[in-house]
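Consider the two complexes below, in which chain A is the common component and chain B and chain C are the respective partners.
Showing the complex of A and B:
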């Protein structure tokens, strides 16, 4: 175990870990909110994130981000943020409409919806992974080759962003990491306030606590479920944007591991709990970064999941353990 | 007639919960359904608020058939309900619960809304004292007050009350019934479901007795309260 490396690089490692954790947390929101109203794990949420990363990548490419600088680059990145959010929101709403609503209408057991979720997840990932073939059917592969590319390998926008690194003493901090943390935590605070204070937010909490009584108050359950999928999608879109700023590379199956990590973060913090998702994400991000410094990067995922098991052994409902409905004002 | 129920049949799976019941609730009255556990009282109320599907028959509100209107839209028509077991949103404060009651209203910044809030807090001073308390930490009686207050926040024309006296101390039961009369006198029509027949009959204009899913007696509250058969079965009196 390399304690010397961990301690001598503690600030950088911690900030890098927090940045990863913030991305996990933003994705975790989608799991936790949908679980709150439906008691269902939306396993296809990982693909909602993955489509967002491609929307970001393609927007940057289409608008010529590789050659842009200054104000133009900022404008391109803002456009990329909105397209990632729009793409993820559309995929999330589509999932709700196609994979869940018909089952919920028929009062299908949650286990059936879970299988539907896993199926939808594979279909969405493979559609992205086979996009070259699909474009080929329509003879579009030449026109769109830049975007279709080799569908099953990494797709990169490396070198677009030459973000500054700040040196404080002998600590180097990536400005992107700081941006990721600030943006993610800021969004979480906004969302937390929305759910606690706004009328629609209270409708979500009421539905997640007692759908039948919420309906007696005039809350339309279908609209509320749609709203939670929409919010989850928008947050996953922001996560996708921040992820691409940091990692610069995506792939059709990038959602799987990130999805599992985000789901882990949600469970770690207490599933159904918004603040728990943030805490769980940050704890997980920092723990696995420290862990990989100690044991070597190949142990990263082992550390993450051992941590999950150990924490759940002592706190079976997660760190904060409250549900969305019971979240206090 | 504010509410007319005609030939209503409702099933739970293959079991008939209520069979061919008909009654009406005139505007401005307190009407009571009395019956033992499992007689179909709660099912009747849930069907009126739209939570249960009608197998046959109809529910008409202000002359309009509302069978196809989903529960969340019936609130807007003017049907408010305080459900069985109170069902307060236990993770929310008293204030948030009352705000949930007004969920469909779009005049939440108006004087009318503030008046309604004040009216509820005057009816239930206890709620004002506990306005920022998490409702799940309150006593059963306080939660009952909250459930009724929450329903009133929608400004219902018809208030459905499902066993408001359940599980409460005798003194509190008295108080809740006094408030129900007061709500009625302020102009809200009330349809009450009760096992506590003595109190309910005393307070209601019309009453119907429900047994295993059917109405077996109807009359004014005063008449049924002195009816020997009703006394024997529901009032615990000697014949």
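Showing the complex of A and C:
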């Protein structure tokens, strides 16, 4: 155990951990919102995120981001942000329509919906991983080779953005890390206020507390569920955008590990709790980086899950408790 | 002698006929129609390529296939009896390998295998080839332990990782003259093995080590460890997928020394890292296509396939050439071919081709490549 290294590099490690934790937090929102309303773990949410990363990448490629600079690059990145959000939102809504609504209508047990989610996750990931074959059926694989060619390996947009870095003492701060953290916290505050104060947010909370009474009071449950998936999708799109700015590389199965971690973050903070998702994501990110520093990076995932178990031992409902409908949200 | 040969040919034809009737599934890859004249049976001999033709690693398989194809085509140009190269597409997967290997072993007309291409599939297919007595020469699988399984059919036409590691360490010490080196591995059999060898060879000049997990994308803790240790060079034992992301994050974190990697990163996809990849040193036991020794080969290859020979194309050409020399000598069965390969000692285009009793090459060369202006260019042999 290398305590000396950990303490002498604490600020640097913490920033790295917060930045990745913020991405966990934004993905965790999707899990937490859907769980809050439906008591259902939407395991396909990781693919919602993955499609967002590709939408971002393809937009940058199509608009020639590699050669752009200045204002044009900023415009391209904004377009990429919106396309990532749009793509993730569409996939999330599609999921709700195809994989959940028919089951909820038939009042199927939660376990069935869970299996449906896992199935949908595989289908979505493999559709992306086999996109070269799919394009081939339509004879488009040559025209689209730039987009579908590397179907099963890393797709990179490195070199598009040369973000400024600041050096304070022996700490190097990347402007992207700052952007990621600020954006995640900002989105979380906005969303929290939306759920607390707006009419639609009230509807979400009401459905979460008691779907039947809420329906009697004039809240349309189907619309509310759709809205929940939509918000989760939009947040995953933002997460995808920030992830691509930071890591610059994606792959058809990138969602799997990130999805597991984001779900862990949601449980850590208290599933169903928006603020819990933020706190859980940041705590998980920092714990992973500190753990990597202390024990070696190969222990990263072990540290994350040991932390989860320990926290759940003492606080079985997570750091801030489960509640979308109750007091805290 | 002549009588003997005719007899052997007749026996082979009989064996072929039996195997064709016995398992009718294996003949679909062959014309299988020349069972008439017994004396011509040696003409039905085939070599097999075993490795990825399609799938995620198809890019690595292509030069290997084409290198072997070129050797076979050149042999056929002035041979009375043509040899056929049959491709067994494993997609590079250890899961596919055993059933394909069984198929190869069942086809007695295949008297030599160029491959398997990767270490994982070699480990899976090796026992089946050994049992079937099928001589194999791999032009690309570098895991050292493959030679320790006691498969007498196993041969390797290039240096394994145990020879590549010391070469990489030597380069770091002598050419880069690095005072401190940070060693990272990806916990894979290939990467951890290689990094361990480099670490041992460098000894005291290793200023720190870390292990990442294949599939991870955030290396901020590793980057902090590197920038804290302030090394002149970072060695990474692993594949290009992680290397591409790692070097980007290292450069962003302020590391400005030399990034040294091995043949697992020698793939055009590594160039996706763009500017961050510039100056990376890649070691590889594969001969550069610009080396004078392979000039004729490179020209012929380009004439036939319209592109410069890729990684391991020349090694594959050598591997196929050994089998073809055996066939030219009149060998028409696996047993004789195995003896022939074991006793082989001739100059190939990449090196002196001779195998020790474990199937490892007696003569090994490791080369350094560097990334310059968005391309992987050879720098020369590490001596």
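One rule holds in what follows: the second predicted complex is superposed on the first by the 325 of 329 C-alpha atoms of A that agree within 3 Å, B and C clash if a C-alpha of one lies under 4 Å from a C-alpha of the other, contacts with A are read in each partner's own complex, and residues count from 1 in each chain.
Assume a residue touches a chain if its C-beta (ideal position, glycine included) is under 8 Å from a C-beta of that chain, and two chains touch if they have at least 3 such contacts.
What you see is a predicted model, and the numbers here were worked out from it, not measured in a lab.
Undergrad: Should A:136 be classified as contacting the first partner (chain B), the second (chain C), both, or neither?
TA: Neither partner.
Undergrad: On the A-aligned overlay, A:64 touches which partner chain: chain B = first, chain C = second, or both, or neither?
TA: Once the two structures are laid over each other on A, A:64 reaches no partner at all.
Undergrad: Per the contact definition in the header, classify A:221: touching chain B only (first), chain C only (second), both, or neither.
TA: In the superposed model, A:221 contacts chain B only, not chain C.
Undergrad: Contact-wise, after the overlay, does A:297 reach chain B, chain C, both or neither (first, second, both, neither)?
TA: Once the two structures are laid over each other on A, A:297 reaches chain C alone.
Undergrad: Kindly classify A:119 by the partners it touches after superposition: chain B alone (first), chain C alone (second), both, or neither?
TA: neither
Undergrad: With both structures superposed, pick whichever of chain B and chain C touches the larger number of chain A residues.
TA: The partner with more contacted residues on chain A is C.
Undergrad: So, A:257: does it touch chain B (first), chain C (second), both, or neither?
TA: Touch status of A:257: second partner only.
Undergrad: In the superposed arrangement, what residues of chain A touch both chain B and chain C?
TA: Touching chain B and chain C on chain A: no residues.
Undergrad: Using the touch definition up top, name the residues of chain B that touch chain A in the complex.
TA: The contact residues of chain B facing chain A are 49-51, 70-73, 75-76, 80-81, 83, 87, 89-93, 96, 99-101, 103-104, 108, 134, 136, 150, 154.
Undergrad: If we count contacts the way the header does, which residues on chain A are in touch with chain C in the complex?
TA: It comes out as residues 5, 8-9, 12-13, 16-17, 19-20, 150, 152-154, 156, 158-159, 163, 165, 167, 172, 174, 246-249, 254, 257, 288-289, 292-293, 296-298, 300-301.
Undergrad: Along chain C, where are the residues that touch chain A in the complex?
TA: 55-56, 187, 210-213, 215-225, 227-228, 241, 244-245, 248, 252-254, 269, 272-276
Undergrad: Provide the residue numbers of chain A that touch chain B in the complex, in ascending order.
TA: Chain A reaches chain B through residues 199, 202-203, 205-206, 209-210, 212-221, 322-323, 325-329.
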